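In this document, chain identifiers A, B, C, D and E correspond to the written order of the chains, with residue numbering beginning at 1 in each.
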Amino acid sequence: MESLTRPRVATVWLGGCSGCHMSLLDLDERLLDLAERMHLVYSPFMDIKQFPEHVDIALVEGAVANEDNARLLRLVRSRTAVLVAFGDCAVAGNVTALRNPLGDPMPVLARSYGTDTSRIPGVGANAGSVPPLVPKVHMLRSLVAVDYYLPGCPPPADLIFFVLSELVAGRTLNLQSRATLG
Amino acid sequence: MATAAALPTKAPADNRLKMLDAAMTRHRHQPDALIEILHTAQELYGYLDLDCLKYVGRCLKVPPSRVYGVATFYNVFTLKPRGEHTCVVCLGTACYVKGTATILSALEREHHLEVGGTTPDGTLSLVSARCLGACGLAPVLVFDQEIAGRVTAETALARTRNWMEQP
Amino acid sequence: MSKTITIEPVSRVEGHAKITIQLDDQGHVLDTRFHVLEFRGFEAFCEGRHFQEMPAITSRICGICPVSHMLASADAGDRLLAVEIPDTALLLRRVVNLAQIVQSHALSFFYLSSPDMLLGYDADPATRNVLGVARLNPELARRGIRLRQFGQSVIDIIAGKRIHPSWAVAGGVIAALSPEGRDLILAGLPEALATATSTLEWFRGALDNHTMEVDTFGHFPTLFLGMVSPDGTLETYGGRLRLMDATGTIIADQLDAKAAKALLAEQVEPWSYLKSPYYAPLGPVDGAYRVGPLARLNVADRCGTPLADEELHRFRARASGPVLASFHYHYARLIEILYGLERIGQLLDNADALGTDILARASRNRTHGIGMSEAPRGTLFHDYTVDENGLITRLDLLIATGQNNLAMNRTVTQIAKAFVDDAHLTEGMLNRVEAGIRAFDPCLSCSTHAAGTMPLVVDLVAADGSVLQTLSRPS
Amino acid sequence: MSVTTLTMNGTLVSAAEGATLLAVAREHHIPIPTLCHFEGLSEVGACRLCLVEVEGSNRLQAACMTKAVEGMTVTTNSETLRSYRRQIVELLLAERNHVCAVCVANHTCELQNLAVSMGVHHVRYEPQAPQLSMDASHPRWILDHNRCVLCTRCVRVCDEIEGAHTWDLMGRGRHTLVISDLHEPWGQSESCTSCGKCVRVCPTGALFEKGTSATNKDPHFVTYLKMAREQKLWNR
Amino acid sequence: MIADDLAAVRERERTAISLSTARIAVCSAAGCISTGGAAVKDALGAAVIAHNLSGSVRVLGTGCLGLCHAGPLMRVTRGDAEPVLFTKTTPAFAERVIAGLPSGVLPLEQRCDLQQPFFTRQHRIVTSDAGIVDSERIEDYLAAGGYTALERTLAELHPEDVVREVSLSGLRGRGGAGYPTGLKWSTVAKAAGHGTFIVCNADEGDPGAFMDRSVLEGDPHRVLEGMAIAAYAVGAEQGYIYVRGEYPLAITRLKTAIRQAERMQLLGHRILDSQFNFRIDLRIGAGAFVCGEETALIASIEGKRGMPRPRPPFPAEAGLWGRPTLINNVETYANIAPIILHGGAHYATLGTERSKGTKVFALAGRIVNTGLVEVPMGMPLGEIIFDIGGGIPDERQFKAAQTGGPSGGCIPAAHLDLPVDYEALAGIGSIMGSGGLIVMDETSCMVDVARYFMEFCRDESCGKCVPCRAGTVQMHGLLTKMTHGTATDRDLALLEQLAELTTRTSLCGLGQTAANPVRSTLRHFHDEYLAHIHDHVCPAGVCAMNGEDPR
């Protein structure tokens, strides 16, 4: 099958706003052309629930804000050859990490849900139905090795196109001064 | 006298102010005497409040932000009143090697204080020093003005508990 | 033996969610829960920041509807300045909001939901996505992509950036529209309109195959909340709110953001980061309301643009009163695309469009301001309290998706009861449960930011679902 | 005025006597990154970005403060220097809460531009995320410590050009903060003349104007003003 | 006062000493005072009166006698008999000593063996007055030959001659960096114009160092004399002593000493009736380690924040208020009088090829004889630690010797035979430093020690330059991660890279040397780092290794 020879690509969304994925969609029709050159195996736009084995390239958007994010990120890392930190939250924490200066997430949660911990989602006995927040939001690099960094909030579509084109073609990525945080 | 005219209304018009003025006069109101004068002011008042800083700056012709900058650069100066008693824990290398970190955390736990803090009742301030130069007696603490060598967590706690019980 | 089915993650929605379905011994659905899994804490970390930074910061709540946040935030800022913004600024903000509604609706329909309708709920999950649609019907896919692209490019042309522009500020906007920009937008309109009309035609044709979905995907009475102009015409920015019940009776009308918010309360369930607002006078059960395209088309007297009004007429023929089927969110969405495109044309045809009076300068003159916009998914409130220097002391965001939370939970239960049967559980059945959620086009990255500063009711729900205790907090 | 000749990156260049290596490099269009340097203000040599290698010395020298000397051989752009500069920029980015995305200075920020020009796409150091406040008490401007790089341009311009000395630094090390007067709200400062020069020279979004979502700074203004004052040259 | 008057004072004092039957010196340095030395001295004074011995017994408060751990120390000299040293004395014991004097029977217990290597292996130049001179009496200092060097300088030497003698001595800066003192003096002397300043850096900042404190407390006139000679040599009329605020006793004694010297015209206007004017003012430090760096020290004397500035220009050319400024530390000045008295060439006979004279060390940590010692340069480290220092207590194993404080390094057992010399220490990644020598045994974790020093540098960084301000924070974070067992190889690589960065790019000495403890422990104790990172084990059992995310 043809798809076997094309690189297997995944896009992952952790703690973030999905703006990076929206910017990916801003490739517009180029997305369809790109789809011919790769095999998209996992993405929020798809119905595959489990991150598959043997992924060649994974674009990971968002920072690690809760335990699910951390688990998924470690899984992605273990199954992916080239992991790209996709956008500022993944690269540097960005807006998702704005809660870090406040320290522990409890006051942050209490601000939204009140101080009765039995009623706060993700805390104590409530941790089963929703994932507990991690004490501090992490950029990807703090937890796993990252192969490439694609900064931007979001990264411009043209840059995403360049990055995907290069990686799908099996080339080493060199962004030099093409990319910027923000 | 020029200094009297510049007197902030809140500054206490007691002897201490006279002594402060005298110290500034001794230094001919030169700006470079700022640190010396802050030492004097802290000795007199126990700490440096904003009125005092403003007054000293005005007399020595130093802009307020610089006075504040100097007062906060150096560890010795404090802008908040210290407690009635002060316990200084030496964190010099010799003391560290002999375990003052443990003593410090015992004191912090006991009095619910962090270094630099004062108990809510104003009895005890806990301060650290980078080296008191009494390394031969490590670990060293200072209880009020008195240096104590070869202190243990127990002996340190005994002293501070005593203060807390009889303020 | 009772068991629990978990769908995780809910895919092809904009956010992180899971659904749990509890079955009884006989395999019948006992209960369902829709869990929103993400929490970012904007209410907490925005405190201490300046209100004029909020349009940039809060737009990072969501990458799909950043414009809605930017505009609601700027609107709240206008109130804090206590100014009326220049006509051109209001006009351009409206255009940008409509452009976003177009792109977001196109995203929802073509990228996320069309795979179900075109490929079927039981299609292979590996290909049941937009790329699968592209393979089966390349023309439809390309037209959908280009439609979204048009919406995004309007935002780009006016606000300077497709995603997360920093353009609207308290008092107005920071860049005027150039004649070239306007011409570029107008040149793209005809193709977009053609796509919108042809898609509507196709959708209408396909509706007959979806009677089951229409009946089960959240078909129940609720209240509806949406924005209208003073004469009752559909509006998405700078209008007032209207609240209608399931029979079509207007309960409240021409509410400003402050008056509307005063009518709402919310409850917290510890199993979801998403809170559930409701119309306070009626309580959490009867006070459930829906927002978004379906609600807006239900509450408005008319769209005010010719093609959209024509389609609205057909839409209304599907029900005797307000359209209650949540499946018709899709239909309403397509009509709103048409409306948005037509309205953009109308607005840009106005001499004010190229005006250069775009920013009213003032300093902070109030300490409390509530702004709002009609986001693609429904009414969005930004409620700011600031200190004398303009630093936020309290930030309270009430987000469209949150307001649909009660309805979405009910929808999940309704679909699960209709389709899920333990005896023969198929992936397609579960996908239908997800598809029901998708009809609301929930934006879950937005939805986890509603703050607990409204009158809050907390229900302590026992394992059997009964309410053990109710705690409430005054506002 | 006598002229000095020296070698910079292998090329012979001439320099006015007493000129700094930075001035010589700029004159010959040899790029050397800077952050604390500001034309028209005194030099402090604090950011360490302009460090260069001078043959015969094992110490790196700050180009902004090192005078050109006859026969000197200078390298401004070795791989080692580039690596140090990248690290310094990364250290700055990790030090406070530089969230470019939501910053008023996004795309006009000198720190961000340095990062771009050096290809700093990410920061390897742990973000420190200190809890810092904003001072919005001034009617026109805001000071946001989260974005301050402690370059002290504001302190210097206020002292040296405006003559008010409203700003200074308090504390030390990682706790250093820019303060006005006795660490009082800027809006209550008795010494501030509200001239706005500090805002103009700020390289990041730490000092910015209220009501703007993007800052439009004019850093050349202060240099122009100094020339006008001292040399009666109103050339922009 | 002229030379003849001074001679008369000396004569008078020497006669008084020779007439006394006993001199009892109580160590009055801060160490012994903290263990009750002052009370012992008071008890001695009271007992002398009670026993009616005022005419024949002299009680002095004197400089550090060395064995700080055994204080309060008391040294009894009777006529030509060998002096006796008592340890751990008390007021009651003092009473017994005085009571025994008339009969000549001194207590037998608490005597310290003066023939042990701790005393015999030392070579005292800087600390030679301890036990002889009362710290608060200028007459004592004069009687011991004090101010003779200044007298001779003013009477016989040209300024260039002084600089030549100092150059000839090979003396190098004792503050740590070891810059040749003579060279520094000649640079300042050559710098044009009047208004040259001289500064004594008495801001002894290294934790674990108390040599300067002891000299200032015990023999302040020695420092004043050295400064006056230096001022004469470089043409300065104003001097400052920048002394740590944490040393109140040193400050009091310096104030007293300056007053006494001024009264005797040894400081001030027309010193000893010559044309030479020189006054000394004290500046009290306020607790900032960075002020040991000379440009920061200058800023601090000027009343500013102690922030360094790049050099050049060096203070020798442009220092205090832009004027040429000579800055030396306490021990350096304390060496000057002996050099002038006995000649630079004589001084140079002591020590190694490139490190001349003696060095005072403060022994502390896991060592039997904690205290102050002065040894000739070139003595092997092991001799200092095991022979003089008495080795490691509690039958533990020597692990490392830390020299140079936060700017220094840790020396492992393999280098115990290393001669103490500026170059030799630098060669193995440490520095001579100001003289703190802290001994560690296997109960110390070297990663934790590196973390400790990094925390120190982080907290003491002035914050001006980025690599030091932010680099120390990051290095401390990485080291903390290691001590928590959560670090990876990647963190180790980052640490090494940051260590290089701060060393190479920091503005001043603090930042440039901040990574030295890290680099030296990485070099000599690499396996301990790997144990923390790979095996999540702290071999010394110091680190909690609880895997908690450090913050």
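Quick note on the criterion: a contact is a pair of C-beta atoms (placed from the backbone, for glycine too) under 8 Å apart; a residue touches a chain by one contact, two chains touch by 3 or more.
Owing to the predicted nature of the structure, the values given are computational and were not obtained by experimental measurement.
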Neighbouring chains common to subunit A and subunit C, by label: D
Most central chain, judged by mean C-alpha position against the global CA mean: D
Comparison of C-D and B-E by number of C-beta pairs in contact, larger one: B-E
Farthest-lying chain, centroid of Cα atoms versus that of subunit B: C
Relative to subunit E, chain with the most remote C-alpha centre: C
Separation of subunit B from subunit C, taking each centre as the mean of its C-alpha atoms, in whole Å: 59
Distance between chain centroids, defined by C-alpha means - subunit D, subunit E (Å): 40
Chain centre separation (subunit C, subunit E; CA means) in Å: 73
Separation of subunit A from subunit D, taking each centre as the mean of its C-alpha atoms, in whole Å: 34
Touching two or more other chains - residues of subunit A: 94-95, 98, 101-102, 136, 153
Shared interface positions of subunit B, touching two or more other chains: 66, 69, 73
Where subunit E touches two or more other chains, by residue: 288, 305, 459-460, 462
Interface residues, subunit A side, partner subunit C - complex: 13, 15-23, 25-26, 28-29, 31-32, 35, 40, 43-49, 65-66, 68, 94-96, 98-99, 101-102, 105, 107-109, 111-114, 116, 118-122, 126, 129-131, 133, 153-154, 157
Subunit C residues touching subunit A - in the complex, by the definition given at the top: 7-9, 11-12, 14-16, 20, 33, 35-45, 57, 60-64, 66, 107, 111-112, 125-126, 128-131, 134, 138, 141-142, 145-146, 148-149, 152, 162-164, 268-273, 275, 431, 445, 449-452, 456, 458, 460, 471, 473
Contacting residues of subunit D [partner subunit E, same complex]: 44-48, 51, 60, 62, 65, 84, 87-88, 91-92, 94-95, 124-126, 128, 149-150, 169, 171-176
Touching residues on subunit D, where the partner in the complex is subunit A: 93, 97, 99-103, 106-107, 109, 112, 115-119, 121-124, 126-127, 129-132
Footprint of subunit B on subunit D - complex, ascending: 159, 165-172, 179-183, 190-191
